[in-house]
Structure formats: C-alpha cells, structure tokens
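As structure tokens, here come the structures.
Note that chain A is present in both complexes that follow, paired respectively with chain B and with chain C.
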Partner chain A sequence: MNIINFLRNAFAGRKLATVGFIWLCFILLAAIFAPLIAPFDPLEIDPVGRLAEPGLPNLFGTDHFGRDTFSRAIYGARMTVIIGVGSVVVALVCGGLIGMLSAYFTRLGHFLMRGVDVLMAFPALLMALVLITLLERSVFNTILVIGIVYATTTARILYGMTLKLKGEVFVDAAVCSGAGHSSILFRHILPNLVSPLLVQASFIFAFAQLQAAALDFLGLGLPPEVPSWGNMLSEERIYVTRAPWLLIYPGLLIVLSVFSMNLVGDALRDSIDPRFKDDIAGV
Partner chain B sequence: MALLEVENLHIAVGSGGKLLPVVQGVSFCVDENETLGIVGESGCGKSLTSLAIMGLLGDSTVRITGGSIRFDGMDLLTLSAPERRAIMGNRMAMIFQEPMTSLNPVYRIGDQIAESIRQHQQISRSAARDRAVELLTLVRIPNPSERVDSFPHQMSGGQRQRVMIAMALSCDPKLLIADEPTTALDVTVQKEVLELMADLQDRMGTAIVLISHDLGVIAETCDKVAVMYRGKIAEAAATADLFAELAHPYTRGLLNSIPVVDRDVEWLEAIPGRVPTLEETLTGCAFHPRCALATDFCASRAPETSQFKPNHSVQCHFAGGSTT
Partner chain C sequence: MLAYTAKRLLTLIPTLLAATILVFLFVHLIPGDPAAILLGDTATPEEVAQLSAELGFDRPLWIQYFLWLGNVLQGDLGTSIFFREPVTAVIGSGAETSILLASMTMVWIIILGLPIGVLSATKHGTWIDQITSSGAMLAASVPTFWLGLYLIMIFSVTLGWFPSSGFPSLSDEGGITNLRYLILPSLTLAAPNAALIVRLVRASMLDVAREDHVRTARAKGLHPARVAIKHVFRNALIAVAAAFGFTFAALISEAVVTETVFSLPGIGRLVVQSILRRDYPVIQGVILVIVVLYMVINLLVDLAYARLDPRVSLK
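Entry: the complex of A and B
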C-alpha cells in the first residue's frame, strides 16, 4: 500500500512522467513474455527474405540475415531489462557498501574514497571501454563493467548521506542502547537511505541503457549474436540508406526508454526532495 | 561504594597539534535512587561529561585524557567494546536533548523500543512488542496499543521525549543520564516529563544524572547539585544545602539572573562578561575576570576544592563571601 501511495504521489500531475512509467511497464511486460509475443525466433535466418520492408508478417521488416526485426526488438527489451537491473544491483551494492563503510569508518574512508575519486576522474564510457577490453564479451561482463562505472557516483552520494546520518542523534541513541556497528549501519542508517537509493537506481537504469548501447555499437558490449537494441544498431548501420527502418526502430526504442526512465527518475526524485520541484513543474 | 563514580575526569579537544582542556578534574558520585543535577552555562563541559560516561566520545578530536569512570565497580574506560555494549541500554541508558531527532524517522516507535529490548534480552518479537506497549503506558502515552504503530513524525515533541524515556527504561537500567531532557519542550510538558522521571525513580530506584542549565528544574528534582564552570565543578552540595547558602559567587550570579515574579526590577542582573573561550589561557581561578570578589590573589592562584560546610564543597578562595 505504501508503494502504491508513493507512486501515486510521485506521478500526480505529471502527465509525461506517467506516460513514461506506462511505457516502461510495457517494456517490462515485453521482456517477461518475449517468447509469447515475438512472432518469430529472433535468431532464425531467412536468406530469401532479407531486408524486407516493414509490413506483414514482419512488422518492423527483416535485417540482412532475414531475421525478424520485431522479434529481435522484443527480445532486445529482455536484454534491456537484464542489463539495467544487473547494473543497478552491482552499482548499488558495490557503491552503497563503499560509500556507507567509508562514511562510517572514517579512516577506511580516506583510502576507499580516494580510490573512488581516481575512478571518477575517467569519463564513464572510457572507463567502461578499458574494463571491457580486459574482459571477455559477455552479458555478465557488460553488467559488471557498467555497474562498476556507476558504483563510483553511488558511493559518493551515499558517502555524503551516511556522513550526515551518522551525526544524527538517533544514531547516538542507538549506540547508547548497545547496538553494534553492523546493527547501526544496516538497521538504523540504511533504512533512511532507501529513497535516495531508489532515485539513484532509476537514473543508473537509464544511463546503463545508453552505456550498453554505446558499447554494443562500438562492438565491445554484448556478444554479437545476442539480440539487443545496441547490437541491432551496430550490425545494420551499413544498411542505413537501403533499409533505414533497421536503425529507426531500435534507435527509437532506446531513445523512448531512456527518456522515460529519466522522466520517472525525475518524478521520483522530486517526490522525495520537493526543493527541485519548481525547476520542471508540469513535466 | 556509589553506583557511578566519576573521578578526576579530564577531557580535551584536539585542534591541530595541541590539546585544549574542556573538562578538568571533574569528580562526583551518584547512588541508587538518587538524582544528581549538573548545572552550568553552555560550553562548561556538562554535556561532554555525560557523553564520556556513555562512551559517545568516539570522535578522535575529543579525548578523555585522564581520570576514571566507575559504574557498579567496573571501570568503563577500560572495558572492551562488546562489554560496553552489553551494559549500554541495558544497565545504563541516556535520554537526549532533542526529542525531534533522537528517534529514527523510518521506524515505527514500537519497533524502536522493541529493538532496544531485543538487543539485550532473548525474547520473541511479540513479547517485545507487548513490553513496548507496557512501557508506553508507563510513560503515559494515551492509547498505547495504537500509538505503538505510529511513526515519530506523527507524534509531538513531548510525546517523542516520552518515547525516548520509554526506550531508555526498556531494560530497567540502574543509571539514567538525562542530557537536558526538557530543554526542547514547553514549560507544561517539561513539568510532566520531570514528574514522570521522578515517579519512575520512586518505582524502580534508578539513579539519575540530570544535566540542565535551568536552576529551577534542578532545585525541584535533584537530591544533589554540581555547578560546573569552564570544565570544573565550582560548587557541589545537597540541593537543600546549596540553596540555603550559596558559597560560590558564580552560583550566586546564576541565581540572581533568574527573574523573580514578585520583585519589581528594571534590569535583570547578569554575570558580567562571558565565559572565556578555550583558546584564552587563564591563570588562577577561571571565574576571576567576571567575579566581583576577585583580587590579585584570585588571578594568580587557582583555588583548590575545599569543604565549605560538611558535604558542601566549593572551589573559591572567598567561599561564602558576600557580593551583591
């Protein structure tokens, strides 16, 4: 009930953000029920029907292997959700732990946060490229790399917030009631960080899509046989003049999804911190 | 042997390389069923003393540099962290100054009380919850069985302070330290909270250390009083003895600065000057720049603690001397 109320508050009077939220729900459903929705096998090659125009039975046309673009787009949604959720989990767990521990154990923090500073000095995409060249191309490694890149910002944010919470009287009160370090960190401080974590998660989810698409496009992301929106762009880019729909559909999907995630993230952030509200009122 | 014995406690604040003493040789003791009041202006070291007892001076910038704190025969300063945790909240507890921020905003108050019980006692969740309701009844929260599920922001300041008291009392502590428990509350609520504490003391025999800057509160609730000035105990005595005959000019100054209802005065009397900052080095008595009785002797030699009357000690060369 709390979550429903929270969402209702966050999206009240924000038409665009609500549309974005609904769009993301569609993406999620497509990801879960991909095998039921997709009319064809996304990997099935049909040399005769190459580069077919959008229509029936291939709604979004076919690519240069004759694979059904619509089915690939549906399975791409699955990849989107997997990459997004995976990166968010990696980033929040690693970044959250580093940030919280650094703020709580000040001396340890001097070392950990300097490491985080060094990592943050690299542009996100550059660091992801460096890391991925050291590893094999796989779904797991893509998630890991994007997660690590965004763990740094998460660590920074949680570091600050934990530092502030650590000084609150209720933490002193917890110490006074005989609570140990882990109890204070995870039972008293962490629950106060849930809302910023939620907001952070929504933005990481959006950035992870862009990052993954960029890596795919550069040929350093997911293995080429995996149907993802980024791979679709990457593989079909040479057919942009002959069959532009091969790029328009996955490109549109990426743009709409990332835009929706940002809108949803904004709405969530504003409902948690009303000070930002005026900046984008009505969006 | 008293329940809590603080002896010659020194606390220093480290800024840069040098240590500035903030508490210098404070000694007092509290027995079961006894209330000790510690009064003093802001920055006199009274809160730091209480934090030192609870072991909350974790920060490396504030350090205990000498003395001992003995609780029930144990030296608190040499206990290991787990040993200390076993005592805190269980046998000694603390009530904080700000009821608005001392409860965790994301937990229901019942869960917070239950948690502090379960920290020390092996009892089931539902038993802890029952105990929480019982404690809320004890601190006179109306409708305790419903309010146990309230969040802190749904309660008023006075109610939150009661919840804090309930939490502090959850394991029947032998010692309760209350750091200005009523400062943030308005006067009527303040009275109720103080009465509640006195009432609970009668019932459970808890020793209380009450820290306040309000002499009225102290006079009403405490068995004995220690007046602190700039890190030292200027005067200490049983409450009745202290107010019968004020020995230290600082205590007299404090009392004179309280407005009296039935006396018509133009100006309130204030103690001239201000508390010297820690950076200012003072020779002699710390109070001499503001004292009407001060002589050159006061400026050159710090007074030792002397017995003014039986059970009434004072740090002043001219104890009992008359001033305006």
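Entry: the complex of A and C
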C-alpha cells in the first residue's frame, strides 16, 4: 500500500488526530531547529535570575539554576524526538527481526519465541529498571533499555502477522518462482507489514516518552544535565509551590506529545488492513 | 478444561525456570566479584571469601545456580547490604503497603473504568462517546508522577483533605482510617489504567454488539438497556475480567513511580532505593518475587478466562 494514501485515509475526517499530527510536526521542527529557536543557552547558569516568573525575556521563567525554561523546553523537544525515534528503531529492528524470522523459520522460531516469552514475564518498567542497573546513565543506554522492553511485544505481534502472511498465495507464488528466503521475507512479506509497523511505531513512541520520563523522575534515566522534559520535572519538583510554572510547562508538553502520538496511532490503526486488526497493541 | 490447565501448568515451569536463571545471572552481569557485590563496599576480604565458599562462587556457574535455587526454595534470598537483614524480611515489610495500594487502585479502576466504558459504548458515535474516549486517551497520556504531584498540590497542600506522603501500617494508631494515606496514590496509579479499561470495555462491547445473538435479542423487542447490560456487557466482561487480572499483576511494578512520589514504604520504592544504594541482594530478591507473582497471576487469569469462555481452551 502506498504510504501517502494510507496516511491520507487515516486522517480523513479525524480532526483531533490531525491536530495531533500537526503538533508532532511542530515538535519535530523545534527539535531540528532548536539552536535557532531557543533564545538562550539551555545550560547557561545565572545565579542572579533564579526562579524568575514567566514573562520577558524568559517566556517560561527560569529554574533554580537560573536557566531559561523555554530554551530548555525547546532542547527537550530534541531529546523527545531522539529518545522516541531511537526506541522505535531499536524495538522494531530487534523485535521485528526476531518476530519475522521466528514465524518464517519454524524451528528457530520455537526457540526464539520461548525466549521472548521469558522476557515478557518481566513487567515493562521492572525490566527497564533491571537493565538500567547494569548500565550507566546515558542517552544511548536509555534508548537501548526502552527499545529492548518494547522489542518483546513487537516480536510477538510481528510473529503473528508474519505467520498469517506466510500462508497467503503470493508467498507460495514467490516460492514457486524460485525466490530465496531473504527475498521472500524482505521483498514479499515485509512490504505488507509496513502499515502495521507504522501503527506499532506510533504507540511505542508514545509509551517510550512516558517510560523515559518515569526513569528520569526516578533518577535512573538520562544524565541530570541533559535538558529533557522528564529531567526538568524531576529536578524542579521541590519548587512546585514556589515556582509552579517549572512543572506546568514540561508536564503539559509531555502530555500533549504523548496524547498526539496516541491519537495518531489510533487513527492509523483504524485504517489498517483488517487482517491485522486483532494483532495490534494499544486497545 | 483439565487438559488445558495441565498444559498451561506444564508450559509455566520451563518459563519460570528460565526467568529464575535470568534473575540469578543478574548479579553475575555486574562487573566485579559477585561475593563482594553481594556484601557491599564495607565487607572484609574474609567475609567475601566466606560467602564465596558458602554460595559456591568458586564452582561452575550451573552448580552455583542450583545452590542459589535451593536457597530460594527454602525461603533464603540472601542478606540486604543496607539493612543487614534477610531480604525476605525487607520485602515482607513493604508487602502490606504494596498489596493495599494495588487493591485500592483496582477498586478505583472498577468504579471509574466500567461505568464510563459502558456509557461510551452505549452512546457510540455521539458527543458523549467522543468526550469519554478522548478523555480516556488523554488520561493514559499523563505521566503518573506529574499527576501525583498536582494531586498533592491540590488536595494535600491547598485543601488539606488528605495526607501528602507516607503510610503508617493498619496495625498502627489510626487503624483502618490510615487508608486515607493511600487515597491520592491509588487514584494516581488508577488514572492511566482505568483509562485503558474504559477503552477496552468500549471496544469489546462494540465487538459483541455486532454478533447475531444481540440482533436476535433486539429483534424480539427487548428493552435496549436490557440488551446492553444482559446480552452485550456480560459477554464483553469476559475480556475485561482478564484485563483486570493482568492490570493487577502489572500494578505491583507500575507502583514504583507512585510509591516514590508519595514516599510510600512499599516494594516499588524499595526497588528504586535499592538500585540507588546498590543493594544488589534486595534488587535480585524483589525482581524474583515480582516476576514469579506476575507469572502466577497471569496463569490464574488465563485459567479463569478459559473457565468463563470455554471457546478459549478448545483453540
């Protein structure tokens, strides 16, 4: 299926989801052009201007180090996109490969999917905590941990979908015309999985934001100096009564972005191929 | 049903064993001498050597695993570095809070999630449905700690209705009224989960509503409310009941964040603090307990599901 047509169908008549999609485009632009948009250096400390109220020149006020909250929020958009895209890539590549290979090579699949079952016995946040205990706090490790957590669900979903596709006539036809395994998997089966993968990606992106924010809050996520929305909330929470704006802006940004991503995922899922409806996560 | 139960029990055992191997390996994946890691920084070389001999760290890994598993089966999860107490006692002290918090959360999920879900499904396609469905999705998009902080701000700091943190045991002074300490935390934890239940109730009711027996019920002139409750809702409840079980199992670990926000002495906060304190025996013990609990609850849910819906065990 053509991706542009798929997107156009998905958003037709869905105002809220379209607004969500536009909001996400804004976040993406803010992430790319952060150095041009942010009026101040997000790391610059100003002891005199601590906890300044929102206004000019600090649109969202300043935090307890005197750093400009608006600039930090703009750079936070960058972290949001990096964490989200990174986790999606890790989850889809690892989980996708495991799921597809398991469904295609049945014997290997028996072995691999048991492993996935074992990993799924660990609740998501607990597994992230276990993995983070073994690793240092860094952007890469946060992405890795969240990606691995969602790789298990992705593997299981793609396993089911590939099994269904494997029984279809076009696969038989490809086998008969002498196509090799990799050609069948990646040129015949994979293109049919693009739209469900897109749906899966949008839900993982949304979950990843919440998980990353939770890890930041627990002091086990990104290094504390990295300007992410989760870190902003975590660091400034003791000032909630003195400087409530420090918690409102980053919190609202997280809520709006996760909500938008969920709306987009929902819209995409509703327009998906009915064969896969039952397999997709996110009720 | 009996054959299905036996089959599920048999598949549980290898998964459970594999999970224990992962939990066991956890301590060995941390760089350094495992005995030194388990004893902490203050341990003397003699103590390290003694524990090393006791747990067989000089012997092959698989023997170590069986020694460890033997201890675990006898209820010995090691000694906490920080508390200098058996890990089982440390975990036990957090159990009351965690179980009460999870139970109260389930109560909120049921009294919020079910009626709103039914309302959303019966008013399908109207503005009521749009508001409740998008509201549920919005609630599922809120970070729990952020919600918790604002509930504290509004209901504890400003209005002074509920305590903002901590939880004295029910056996302490105050008795059952101490449950008021858990009202805000349980609401916080319930919000995203109730939202998922709303969406699930709605989705499964709409699924059932398309079935033939519902059309028959309508065709014979039953009152729409009776059709909605007796024919649609009751059938949809099968899937929802299963989701309740899975949610309860997941709550124990999801509570990590909520217990931290409200400084509750539960198992979730224990995990985080143990990670920050590098108290590896406690981390290992809690993971083991939560994973086993999670798997057992999931098994029970599956069995209950098969009992409620005989079609499942025939598949």
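The rule we apply is simple: the second predicted complex is superposed on the first by the 267 of 283 C-alpha atoms of A that agree within 3 Å, B and C clash if a C-alpha of one lies under 4 Å from a C-alpha of the other, contacts with A are read in each partner's own complex, and residues count from 1 in each chain.
One rule holds for everything that comes next: contacts are C-beta pairs under 8 Å (C-beta built on N, C-alpha and C of every residue); 3 or more make two chains touch, one makes a residue touch a chain.
Keep in mind that what you see is a predicted model, and the values were worked out from it rather than measured.
S.K.: Superposed on chain A, are chain B and chain C clashing or fitting side by side?
M.R.: On the shared chain A, the partners fit.
S.K.: With the two structures laid over each other on chain A, which partner does A:188 touch: chain B (first), chain C (second), both, or neither?
M.R.: So A:188 only meets chain B here.
S.K.: In the superposed arrangement, does A:12 touch chain B (first), chain C (second), both or neither?
M.R.: A:12: touches no partner chain.
S.K.: Between chain B and chain C, whom does A:176 touch in the aligned arrangement: first, second, both, or neither?
M.R.: Touch status of A:176: first partner only.
S.K.: More chain A residues touched by chain B or by chain C?
M.R.: C
S.K.: Contact-wise, after the overlay, does A:255 reach chain B, chain C, both or neither (first, second, both, neither)?
M.R.: The second partner, chain C, only.
S.K.: Does chain B (first) or chain C (second) touch A:135, or do both, or does neither?
M.R.: neither
S.K.: Can you pull out the angle centred on chain A between the C-alpha centres of chain B and chain C, to the nearest 10°?
M.R.: Result: 90 degrees at the vertex chain A.
S.K.: Regarding the shared-chain residue A:168, is it in contact with chain B (first), chain C (second), both, or neither?
M.R.: The answer is first: A:168 touches chain B but not chain C.
S.K.: Aligned on chain A, what is the least Cα gap between chain B and chain C? Give it in whole Å.
M.R.: Minimum C-alpha separation, chain B to chain C: 16 Å.
S.K.: Spell out the part of chain A that touches chain B in their complex, as residue ranges.
M.R.: Residue positions touching the partner: 168-170, 172-180, 183, 187-188, 191-192, 194.
S.K.: Under the definition above, what is the set of chain A residues touching chain C in their complex?
M.R.: Residues 16, 114-115, 117-118, 121-126, 129-130, 132-134, 206, 210, 213-214, 217-220, 230, 233, 237, 240-241, 244, 247, 251, 254-255, 258-259, 262-263, 266, 283 of chain A touch chain C in their complex.
S.K.: Given the complex with chain A, which residues does chain C contribute to the contact?
M.R.: 14-16, 18-19, 22, 26, 29-30, 134, 137-138, 140-146, 149-150, 153, 157, 196, 199-200, 203, 249-250, 252-254, 256-257, 260, 271-272, 275-276, 283, 287, 290-291, 294-295
S.K.: Could you please specify the touching residues of chain B with respect to chain A in the complex?
M.R.: Going through chain B, the ones touching chain A are 54-56, 58, 81-82, 85-90, 93-94, 96-98, 101-107, 115-116, 119-120, 164, 167-168, 170.
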